[in-house]
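Per-chain numbering from 1; labels A, B and C assigned in written order.
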Amino acid sequence: MASAIVIENVTKTYRMGGETLRVLGGISLEVAEGRFVALMGPSGSGKSTLLNLIGGLDVPDSGRLVVGGEDISKLSEAALARWRAANIGFVFQQYNLIPVLTAFENVELPLLLTSLSRSERRRRVELALELVGLKDRHGHLPTQLSGGQQQRVCIARAVVSDPRAILADEPTGNLDASAARDVMGLLKAVNETLGKTLVLVTHDPAAAAFAHETITLDKGSIKASPHEVPGAHP
Amino acid sequence: MKYLALILKSLVRSRRRTLLTLSALAASTFLLTGLASMVRSADVTPGVGELTLSIGGVQGPLPSAHVDRIARMPGVRAVMGFMYAGGAGRQESDRLTLAGIDADALQLIWPDTLDIPPSEFEPFRRDVTGLLVGREAAKRNGWTIGDTVTLAVSAGNGSKADMTFRVHGFNVEGAWGNISYIHRKYLNESIGRPDYANSIFLSAQRREDIPTLMKAIDETFAASPHPTRTQTHEQSLTDTVATMSNLRALLGGISLIVGIAVLLIATNSMALALRARAREIAIMRTLGFTPNRIFSLVLGEAALVGLAAGLLGAAVAIVTLQGITLPMNPRAAFSATPAAAGTVIGATVVLAVVGAWLPAWGACRRRAIDVLRSLG
Amino acid sequence: MTFTYSLRNLLRRRLTSGMTAGGIAIAALVMLVSVSMILGVDHTMGSTGSPRNVLVMSRGARSENSSTLTTEVVSQLRAHPGASQVSPEVVASGRAASKDGSAQYAMGLRGIEAGAFQVHAGVRIVEGRAPKTSENEAVLGKAAARQLEGIGVGQKVRVLDRDWAVVGILDSGGTAFESQIWMDAADLKHALKRDQVTTVVLRAGKGIDAEALAGTLNADPRFEVKAMPEAAYYEEQNTLSAGMKDFALILGAVISLAAILAAMNNMFASMGERRKEVATMRALGFAPSTILGSFLFEGAILGLAGAAVACALSLPLGLVSMSMLDPVRWSNVTFQFRLTPELFAGAAVLGVFLGVLGALAPARAVVRAPIVETLKEL
C-alpha cells in the first residue's frame, strides 16, 4: 500500500517569552494509506504539534513532510490553505463549529471553497450528515445540539470535501464515555467504509484502542516503535 | 454570491454591534451629505457671466434713459436695468430679496438663470406681474405655481408699495437661488419711480469687445449728471466670491474632519467585530480559507455596512435638509441633493473598506492554530 | 482604588481606548472649530461699541449706511446736556483697491471729526496719526490694511475713485472698526457728494446711563431720531452669527451622537470581556453602584483625553483670520477664530459628557447581569 503520510526527520521549535522549547526533535514516521493510527503520549510530548504539521497548519523547522504524495514542508501559507481544503479534514477537541451557522451550513463551509454548484453541495452535505446520523438535525444551531452531536457534525464537515486524510485532535476530550464511544465508532466507520487515512491524537487508551496501531511520543521523539494492537476493537 | 449569506450572518450575529456601527456611520454620512450640498451651493461661479458687465452710478442710481443709450452701443448683445428691493411676506420678519429685472435680457446676462425651466420662465416673461420665487422663500411661505401673493415692497431709497404678484416658477438652487425675480417695470411703476435703476447689466457680444466697451460706456456718461462706473461681473462680485470661497474652504475643512471620523469609526468597529470572531476566522482558516479569502469576506462586510450606512444617512439628509439659507449669504439656499449624496455614499464605502484593512490584516497575521490555542 | 483600577483597565486595552477617545476628540474638535468661529464673529461684530456710547440715526433707518441726520439735529445733539462727547460721523461702504490694484473690496468707510477718538475710546492709533481735514488722508483699520494686502503708512489707498494718503493704522481690539477705513468727515462727504452726516455717536456724561440717554433722545419732540446704546446697535446688526449658531448646533449635535454611538460600541465590547471580573467583584461584596461608578469614571477619563487632544489640535486655529462680506452693510469684516479658556473648558465638559454617556448603557448591562450564571460561564 502506498504511504499516505511520510515524515522525515522533522523538527519543530517554539519560542515562548524568551525561552526556546524544542517540541519535536527529528521525528520520522510513515503512515500507509487507509490506516488508522493513534498518537499517544503525555502532555507536551509533541503529538498535537505533529498532527498540526501533518495537516499543514504549521510548517516544520527542518525535515520533510510528504502528505498524499505532496511535499508540504515548503509550501506558502496560501498554498497550504488551498492544499488543506482539498486534502485534509480536521476534527478538534473543541468542536470549533461556527455558532451562527446551522449544522447544514457548518458542514457546507469547506465546500464553499470549491467550484461545486449549489445543488451538488447540498447533495454532499446531506450525504455527510446522513453518514453521521444527524440528517434530521440539519437546521439546528450548535447551541441546540449536545456535545456528542456537535462533534458528529464536525466529523461530517471533515469528510464532506472527500479529503485524503482525517486528522482528529483529542476528539473525545470534552465528551462523556457514552458519547465518546459513539464518536470513536463513527471515526472507525469512516476509516473502514470510506477508506480514509485517519490519524488520531489522544491520551485516552480507550479511544486509541479503536486504531490499527498506536505510536507513543515522549518529549518530541517516538518512544515505542509502532506496534499492532492485538485484538483491535471489533 | 455564496459568501453573501456568510457575511450577512456575521453581521446579524451581533445585532447591537452592527446597529451601533451603522448608526454612527449614518450620522456621519448625514453630515457629509449636508456639507457637500452646502459646498456645492456656495459656488457662485455659475452665476458669474463671462460676458456680463455691471454698470453702477458713481453717485447713486442711474436713469432708465441710460439703458436705452447703452442698448444702441456696438458690441452689446443684451442690456437690462436692475432694481433691488425687499419684500415682506406674511410676517414682517420674513424678508424676500427681490431683483427687478428685464426678463428678455435676464438669461443672457445672468447665466445661472438659464437653468430655470422654460415652462416657468416663459409665463413669467409674458406676465409683468410675474414672480419667480427664491427656493427657500417659496418653501417658507408655502407658495406654489399659480399662487397670487401680495408683498409689502420697499426699495432701497425708502419708497414703499404693496404689490401683487403671480407665482410662475422658482429660482434655481445654488448660490443665487434665494433671489426672487420680478419685472423692473412693474416695480418702478408701483413705487412711483419709473425713471431709474440701481444699476445696469449688459451682456457683451464678444470677450474681445469688453475692454473697449467698458471704456466707451464710462466716457459716454462721464460728463452727464449721472456718470457711470463699469466693471466686469467678476470684478463686481469680488467680495462675494472671496467670502464664498472662504466659506467653502471652511466647510471643506469640517468635511475632512468628519471624513476622518468615518474612517475611525469604520476601523474601530471592524476591529471589534474581528476580535469577537477571532475564533471563527481561525476555524475557517483551518478549513482552508486563505488569508486572501478572509480579506475579501471582511472587506465585503465593510463595504456592505458602508453602503447601508451611506444610504441611510444620505436619505435622512435629503428628506430633512431642504431649503436652508446659507448663514453667510442670504441670497443662497441649499438642499441636500442626490448628486452630493451619491458622492458621499461612494466615499463612505471606500472609507469603510480602507478602515477595515488593518483589522483584516491583523486577523490573518498569526497562524490559525496559534489563535485557536490562545483562545482555548 | 477606583482611579488606578480604571486607569489600568484603560491602558490594558490601549487600542480600543484610543479609538473611543479619538471619536470624542473629533466631536470636540468640530465643536471647537464652529464655536470659535462664532465667538470670533460675535466678538468682532457684536462686541463693537462701548457701553457708555449712544448711537443716533434717523428714524426708520435700518443701519447707519441708510441714515441721514440734518445739520440742525447734529447741532442740537452737540449741545445735549446728557453727552460729554459727541462725534458726528459719515458711515458708508465703498470699494477700496488692494495694494497692487488687482482686486477691489467693499469696505466700511467712516468719516470722522476730531472728537471721534474720545467717543470711541477703545480705538487707538497704533501707527502714525489721525487724518487732517481737506488733505484726503485716511487711517486704515489693522484688518482692513491686511485685507488690502498690506497697505502701510506713507502709501496711498484708492477708495471711491480717488487716492487717499494713509497716515495711520488703527487698532480696536479685534472689533469691527479694525475692518474699516476712517477719514476726515468733510473729505468723505465731498467724495460721496453728500452734505449730511449719517450718524452721531454720543458718549454719555458722568453718572448718566447710556440706555436712559437713548430713551430721552427717542422721546425728544425736537427731532425724530432712532437712538440706541452703541453695543445694542452692533448686536442687532450681527446677522451673520445667528445662522451660524443653528448650523453649529446641528453639526455639533450629530457628530456628538456619532461619537457616543462609537464609544458605546467600544464599551459594550470591553465590558463584555469583563463580565466575569465584575461578577466576581459583586460576589465579593462590591456594590453595583461602586462598580458602575468606576466604569463611568473610565468613560469620563477617555472623554477628557479626547477633549484634550482636540484642544491641542485646535490651537493653530487661533492664528487664522477670515474675512466675510457683511451682507447688510455690504462691507468686508475680518474676524479671527477665537479660542478662549471658556471654550476649552466647554470642550472638556463635552468630552466628559460624551464619555460618560457612551459608558452608561454598557456599564449598566454588565453590572446588572446575574452573578452566578456569569461566573459559571466558561
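Everything below uses one rule, namely that a contact is a pair of C-beta atoms (placed from the backbone, for glycine too) under 8 Å apart; a residue touches a chain by one contact, two chains touch by 3 or more.
Just so it is clear, the model here is predicted, and its values are computed rather than measured.
Participant: Tell me the fewest steps from chain A to chain C, where a step is a jump to a chain it touches.
Facilitator: Graph distance in the chain contact network comes out at 2.
Participant: Looking at A-B and B-C, which pair shares more C-beta contacts?
Facilitator: Higher contact count goes to B-C.
Participant: Point out which chain occupies the most central position, where each centre is the mean of Cα atoms.
Facilitator: B
Participant: Once you find the CA centre of chain A and the CA centre of chain C, what distance in Å lies between them?
Facilitator: 71
Participant: Roughly how far is chain A from chain B, centre to centre by C-alpha average, rounded to an integer in Å?
Facilitator: 63
Participant: Using CA atom averages as chain centres, what separation in Å is found between chain B and chain C?
Facilitator: 26
Participant: Can you name the residues of chain C that touch chain B in the complex?
Facilitator: Chain C reaches chain B through residues 15-16, 19-20, 22-23, 26-27, 29-30, 33-34, 37, 60, 66, 103-106, 161, 192-193, 240-244, 246-247, 251, 254-255, 257-259, 261-262, 264-266, 268-269, 322-325, 327, 330, 332.
Participant: Which of the residues in chain B come into contact with chain C in the complex?
Facilitator: Listed in rising order, the residues of chain B that touch chain C are 16-17, 20-21, 23-25, 27-28, 30-31, 58-59, 156, 158, 229, 231, 235, 238-240, 242-243, 246-247, 250, 253-254, 257-258, 260-261, 264-265, 267-269, 271-272, 275-276, 325-331.
Participant: Taking the complex as given, what residues does chain B use to touch chain A?
Facilitator: It is residues 2-3, 6, 9-10, 12-13, 279-280, 283-293, 367-369, 372, 376 of chain B that touch chain A.
Participant: Can you list the chain A residues touching chain B in their complex?
Facilitator: Chain A reaches chain B through residues 52, 55, 57-58, 77-78, 81-86, 90, 92, 94, 96-101, 109-110, 112-113, 118, 157.
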